[in-house]
Structure formats: structure tokens, C-alpha cells
């Protein structure tokens, strides 16, 4: 088996999710696809209310009651030898990476040395048997898991730094205890060891270890932010989703924390998804960028390529607001009009009413999300080449 | 008040204010009607108001609807206790039905007595109706006094702060922390409480209590608003600021707490009269339950024997109390934006 | 140990000291208020304490002297305050002496303080039990209703909640007596004990209670001490076990303590205790024969538990009534605050951490929703004490509330005023305790 230099940890395919409200369905996430590799940082950027956070919540299956999951797959990859992961995948749609090849199907059974897959090959479904040792990566579709099966994946597989880090610490418990709680949920670790690990994490994010026995209200905003980052790292997750990780902080602290997060991510070779409305933040930390508009992904690709030559007019417009590092809602100078109503989104390309390059077809048909330049995907009829 | 030169547009301002007020009221009403809770409460209150208002007409109606001419004739001619007018039958305190021998009382509901009679021969429905008015009056009067005191003290403590604040807050602690009904019980044993006196005592006891604290914190929020500063800069005196700017902003919340206070006042009156501590009050729902209880008609009877003696007044108290409480809850959703449905 | 000490000396003890000072001020204001009401009465103040034909002229003089009623008003005021501290509250008009040695001042009458001292524990037991039970039920139901929302359960709980919350207490109590005691006959109609069971008892432990001191008080105080002691013991074990590294160690310690406490209590009330303290010696053969364990007990003695059971039987209905009345308010409020905390980010974060559903609900959402509920409960303490007055009277439970009402009705003024002030003090102490417990629940409050 050839060692893989890079391999996926997450593949999102055609994710669609709506919220039911009294006024009608809010089409918050519409056909979103992207992938994330090991050790890579992905940035999701877009105006407020474009569905970035909804994507994150759909990945972790933390949606509110009025959310309706309408389709798509979220493949979460682990090593083929991970026993718990393989057991969890039985009966679920899976993707398997084998000798650089990808197999897709439904996992039928697993034993110590091999697993059986119902796969579609040559147009018909047939069973294939694969040796456990040959499998590089096994990806299970998270959307097919039950809540109870999903639980071990939360925080241990995918952890999250929430939008309002200030409020994601419970005010009545000591910060250290809240981190230990997360650890003890996923691994049997005695308190003294857990405390030692918390101390290490605090050191990593630049907090004094004494602070673990303090309550959240004794922390400053920046300290809380660091504590929340430490908490996200607690179980050594495969992926961390950082949803507007620094929005509530002042500019200087924001910059510092972002840089530290970037360092930690590189050091631990972690995969991260940054979510921000601020393209400057994304530019600072991300290897790959996904640009979202009105619930859909409009452009996706390596960050250098995108920042050098954006394909989608919306990306270009976003970048015109580039100099602002301030965490405020920026009114996009180059764009007339308001972000669309997601209950009744515009027909065709959702961006067409505000797009300076719009033509007649934009109004009529939804553009396909295709590779316009090498590895640079976009959904646009009139790409800027 | 200084003699200000009269402006013509003053009337227009007055009119504008009225219009604004009216618009605000309409908006609030629309919000209020959204909550079923509040509307249910309001419905029950209206029902009881009509029920109480109907009382003076009740004997007259019964004379025409329930009594046959022969019965009336007989009632005027019984050997002992003949009546001269129908009002003697339905008097809540001294009434009796001459056609029912005293020994037969209490009698179950019948044509002439839709909810029966008690052991003394009084018509239950008449008693129930006759007390409705006074329950209302007591509840509303006590609550008005409470709200008046609470709003005023709340505004003053918030505005002046310092010693005034400390003093009234400690006084409020006394009224919050101590059992007031126990206090009224002892007070009732020492002085004779009439309905009006009781309303005042209740109003004062509750007025200095929790409502002051709540309205004070609201007033503090109002106090820091820019228009207060503007009013002061424009030369408004303390009283001008308190009465024209702070208090009007407290009124919605005051009105809300008034509803809860009506519940408290009605409950207290019923409890005190149930225990016979209000000799000044001759007929009330509490007394009705007490006379059923002390006559042994509640615990003495198995199954639902004698239910008409004690179910109606108990249900009436509970319904009326919960009605005001429900209206309060409904108003809560209007006044506190926090609770509004998102 | 060091950490506990640090916590105490930093925010907490300061908080407690400030609260206590405030409370003393409030108590003083309350006493003054009662004094003003007393003085505002028409007629002579001495009449209120001595207007009883049963009191002899000498006794009257003694009372006037003891209470300082013949002094000018400011001295009377100081005397009044001092008397409450020293427990000189005058003599009851109605209650006769029950002791072997009569009180030197009151002679044939019973001192007010003696009555209050006897009745306060009974009220405390009732109050504590129903407060804890109803709080827990309200908390639990409110939590569940908020967690799994549904139109029907929402509607139903609101209707039941509002009706129970606003129901006319005495009437509702009568309704329950009528249902459970009169019709179903599962519990006694009222009272404190069943006198038939107690007439044959000669001594309890080594205390002879056949004359003078009431046997029931001794048994009741035993129960009270055990209840208090066990609660304290369990509380300490709970706090201490929080420091254990593994969850299973914590659980073992906690359940072990519960078991140990129950076994000890069982031994004491079942008659297996060392020594004589728990033997009830009967005067002659009694209907308690059934409980006599001939192997261990000398004939003519029984363990304590049938007597304790007598109390428990009489407590069931009052506690049920009070619980039903007061759990509804907690439930409605808990539901509302829980719905709010469930929207908080830390609840979302707890779910994201992969905690089991019930842990998210209990440890995160409910734990925070609890805070405003406890606050409102603290402010409702006075209201619950009032509720106790009605309930005690309806169930003839001889506690402070019944004493207050009876003495007010019979114009036994010294007792009425004494019990009014002590009811107030009782509410105040309950308030302070609840306040301090709240400070333990909410770390933010300690550091203000």
C-alpha cells in the first residue's frame, strides 16, 4: 500500500437543508459540496445569513427542530483500522479509499480482517470483499447515523468553536471542568490526568494553568476565546469547525488569536473549517476557500488561486471589501441591493439581481458547479477568466 | 406652573399624543389578542362582571321566570314568615324561601333556586352574585392603590437614589420577606376590617413590596435614556421629569403587575373571610365556603352530597383569581418583548 | 481543604456577612412595624397582654413588670425588642399550664414562648418537606415539558398549572380531605397524632412522659434530629465526593452514604440501636402488640417506628395539598426559563461536545434554568408560609400557623403577636438559607 501524502477527512456532497417557518421554507443550504483534506484549512466565506453556520450545524447534526434535512451526504473519514468507526459504519453508505481508488457503497459487514461492501460496479450492485489492511480510509455518511451513533463523532471526530465563544461556556461551571467533561465523555481518563491535559492545552493556547479553576465570568473576552479553542482541542479531534472564531474580539486580539490558531493547526496537523463573513480573516488562515451566497456554494478552490483571480463575480465583489479586518458587517461597496430573501430566492443564479455581469440565462437557469480552472470550481454562467 | 404663553399648536400636540396613545393601544391590543391565555382570562373577567352586574335584576327575573303566581300567592300567605316582596327571598344575608320549611334546608338546586339554598335557607346563586361586585371592587381598588404607591415610590427611588433608595428598598424587603396574610389575620383580630379598609391595608402592604422593586429597576432603565437628560437640560424640574417622563414609561409594567395584585387581593379577602376574620363583611365567597365547612356539609357528606354549598364559591374564587392571572400573563407577552414569540 | 477555605474567605463569606447584616436590619424594621401596629390599637397596651379574666391580679402585675408595659413609650419599645430576644412574650390567655413546675410568671397559664417552642419544629418539618418535594416535582416536570415540547402537553400543563397556582388554598385543602380522608379513607382526616396510640406509653428512652411532657414531642424531636442529621451528612458526603477522580467513585460514595444513613435510621427506629434511647416502654398491654419483637425486646416495649409512622400518616395529606398548590408555579416558571436557556449557546456547545441528551438537559440547560426559578422561590417563601397557615388550620396540624390563626380568632393577643413575629422570623431565616444556597448555585453572585 502506497503511503498517502494527502487524503480526505471530510467530503460533503449536495447538502440541502431548509428551515420551516410560518412564512414558508427558508432555503438555507442548497446543494453544497466540498471536500477537506488532512491538515488543511478550509475557509467558508459569505455575507451574514448566507447559510455558512447552517452548513456547520448540518455537519454536526446540531440543527434546531424546525430544520429539515433534504438530502446530501457528509462522508467523514477515518483510518480503516479504526474499529469503532468501522462498526459504526455497518449498514450505512460509505466511501472507501483503496490504492488511490475510491469505492462507494453500503457497508454490509465487518470482521477483523476484512469488510464486505455492497457496491455499484459496472451499473449493477454487487458485493465486494476488501481486506482491512488494504483500506487506507473509511468514510461513513454522517447523515445516515442515528443520534446515538452520532454522539461519539461529536467533539472526538468534529469539534467546533462557536460563533459567540463568549456564550459557549456555561457560566455555572469552572472552565477546566467543562473541558474535562468533554474529555471524560469520549475517553476513560481519570481526573488528575485530565487536569494535566487541560493544563497542557491551556499552555498551547496561551492561558495560565491556574485559570482552569476559575469561572467563565472571571475571564476576559480574549481569554474566553482561548479557553474555547482549548476546549475544541480537548479530544484531539480530526476536524475543528471555527464559526466566526474572533468576531466578538477587538482587532488586535483577533489578529493575534488567528495567528495562534493557524500555528496550532499547522503544529498538530489538524483539519479546520473556518467560517467567517470577513474575507480578510479567511485570507489569513485558509488553504482552500469556499465562497457562499444565498445558501449555495458559488466558488471553491485553493486560496491563492481564488485571491489571485476569482472566477465568480460575487467573490470579486467580496474581495473589494478586503482591507477591512474589522469584524463588522460590511456593506459591500461594489454590490447594489440586499442579500436575497431565502424564502423566495431569485430564480436561476441567485446572485443575478445584484450581478453586474448578469445575462439573460442567469435569470433562467441555475449554473452548474464546475471546474473552470484547475481545481478551481465555480457556479457561474459568465465566469471571470 | 409658570404662566407660559399660550401656543396654538398646543392643541395639536395634545391631539398627536392622543393619536400616538391610541395607536400604541391598538398595537398592544393586537399583540394581546395573539395570546390565547390573555383572551381566556379577559373572557372570564367579562363573564364575572356581567354576572355581578346582573345581581340587582336577579330577584326580579326570578319572580317572572321561576315563580308561578300560585307560589307567589302562597309565599305571601304562609302562617309564619310570610314575605311582602320577592327581594326578601333572595336577600343574600337574611333571605329565605317561605315555601321551604327551615328544617329542609339546605335544598339542592331547584327551579326557584338554581344553585339551591344553604342550611339557613339563603339562595346560593343570590349570594354568589351579590358578592361578585364587592370582590371586584376590593380587588381592583387594592390593586390600584398598590400600583399607585409602587409606581410612585419606584420612580422616586430610581430618580433620587442614595438614602431614599436604601430606605425604601429595605422597607420593600420587609413586605416581601414577611407573611402578609398572617399579619392581616392578627390585624383582623384587633380591628374590624371593612371592605374599604381591607382594600387600603392590602394596597399599602403590597404597594411597598415587590412591585416597588420591579418598577424601580424599570425606572432605572428609563432614567439613563437620552430623553431624560434632554428634559433636564431643557430645564425640566425633578417633578417634571418624574411625572412626565419616568412614570409614563412605567405605566405599562404597572398595569401588568396590577393584574397579579388583583389576584392577590381577592385571594386574601377570601381567606380572611373564610376564617371569619372579617366581621365587617356579611357576604362573600369565602364566608360561603366557611359556612358550608363549619356546618359540616363538606367533610360530613360522602360522594357529592351538598356539592352546591361549596363547589360554586370555590370555583368562582379560583376562576376569578386565575382570570386576572391569565390576563397578567397575556399582558406579560405584550410588555416584555423578551417573551414574544420569535 | 485549602481550596474550600479560599472559596469561603473570598466571595462567599463576604456575601453571607453582608446578607446577614441586611437581614438583621430588615428584621428590626419588621419588629418596629409590628410594634407600631400594636401601639396604634385603641385602649391601653397592658390590656392586650393582660385582658384575661383568668389571670390573677398578682400575675397581671408580674406580666406588666416582666414586659415593661408600665413604662413610657420609648422604654416600652426597647423592652419589646429585648423581650423578643430573651423570649419573654407574655402568657397565653387560653392555654393552661401543662408542666409539673408552673412558670414563675404565668402560673396557671402557659407562657407564649413555651407554645412557640413546641410548635415551631412541627411547622418547620411540614414546610421543609413540602418545599423540597414540590420544588423537585415542579423542577422536574417543567424541565421535561420544555425539553420535549408538544402542543397537547403544553396546553395541558398550562391549564393544570394555572388552576393549581391560583386555586383557593383552604377550599382546595377541604376538597382533598373530602376526597382522600372522607371518601377514600386512606389517610386520617387531620391532626398530628392518633391519640389512641399514645395513651399507653409510659416512657421513651429514659424520659418518663406519662405526665407533663408530651411523649409525642420527644418522638417528633427524634425524627426531626434524624432528618436534619441525615440531610447534613448526605450534603457533606455529596460535596466531599465531588473531588473524586472517577465518576464511579463518586457514585459509590454517594450511594454508600445514602445506604449507611438509611441503615442507621432503620436501626434507631427499628429498635436495634445501642442503649436504651430508642425503647418505648408501654404502660400495659396495648394494640402495638403486633410490633413487639419478643426476641430482642423485653415484653411491654416497642420500637419507635410505629409511633413515627403515626406522624408520617398524618403528614401525608397536608404535604400533598401544599405540594399540589405550590409545585405548579415552579413548573410553569421552570418551563419558561428552560425554554430560554435551551436557546443559549452553551447548550448547543454541550450537545456538540457529544454529551448524552440527558446530561445536556440536566447538567447544562436545567442547571442554568434553575437559577431564576430559585430566585422566585426565595421571594415566594413568605407566600408559602401564609399557605402553611391555611393548611395547618384545615388539617388541624398543631404548628405555628394554626397557633397564629386560633389565637387571633380567640383574641389570645400575646400568643397571636408572639407567633406573628416568630412566623416572620421563620420566613426570614428560610429566606437567608435559600439566599445562601442560591449563592452556591450561581458562582457569579459571590463576586459582586
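Order of writing sets the labels: A, B and C. Residues in every chain begin at 1.
One rule holds in what follows: a contact is a pair of C-beta atoms (placed from the backbone, for glycine too) under 8 Å apart; a residue touches a chain by one contact, two chains touch by 3 or more.
Please read all numbers here as calculations on a predicted model, not as lab measurements.
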Among line, ring, star, complete and other, the chain touch graph is line
The chain whose C-alpha centroid lies farthest from that of chain B is chain A
CA centroids of chain B and chain C: separation to the nearest Å works out as 32
Cα centre of chain A to Cα centre of chain B, whole Å, reads 59
Cα centre of chain A to Cα centre of chain C, whole Å, reads 55
Note: chain B residues in touch with at least two other chains are none
Multi-partner residues in chain A (2 or more other chains touched) are none
Within their complex, chain B touches chain C through residues 37, 170-171, 173-174, 176-183, 185-191, 210, 263, 267, 270-271, 274-277, 286, 289, 293, 298-299, 301-303, 310, 313-314, 317-318, 321-322, 325-326, 329, 339
Seen from chain C, its contact residues with chain B in the complex are 22, 25-26, 29-30, 33, 37, 41, 158, 162-163, 165-172, 174-175, 177-178, 181-183, 189, 336, 379, 381-383, 385-386, 389-390, 393, 401, 404-405, 408-409, 411, 413, 416-417, 420, 423-424, 427-428, 431
Per the touch rule, the chain C residues reaching chain A in their complex are 3, 149, 244-247, 344-346, 348-357, 359, 363-364, 367-368, 371, 441-444, 447
The residues of chain A that touch chain C in their complex are 60, 62, 65, 147, 151-156, 159-160, 162-164, 167-172, 181-182, 184-186, 190-192, 213, 215, 217-218
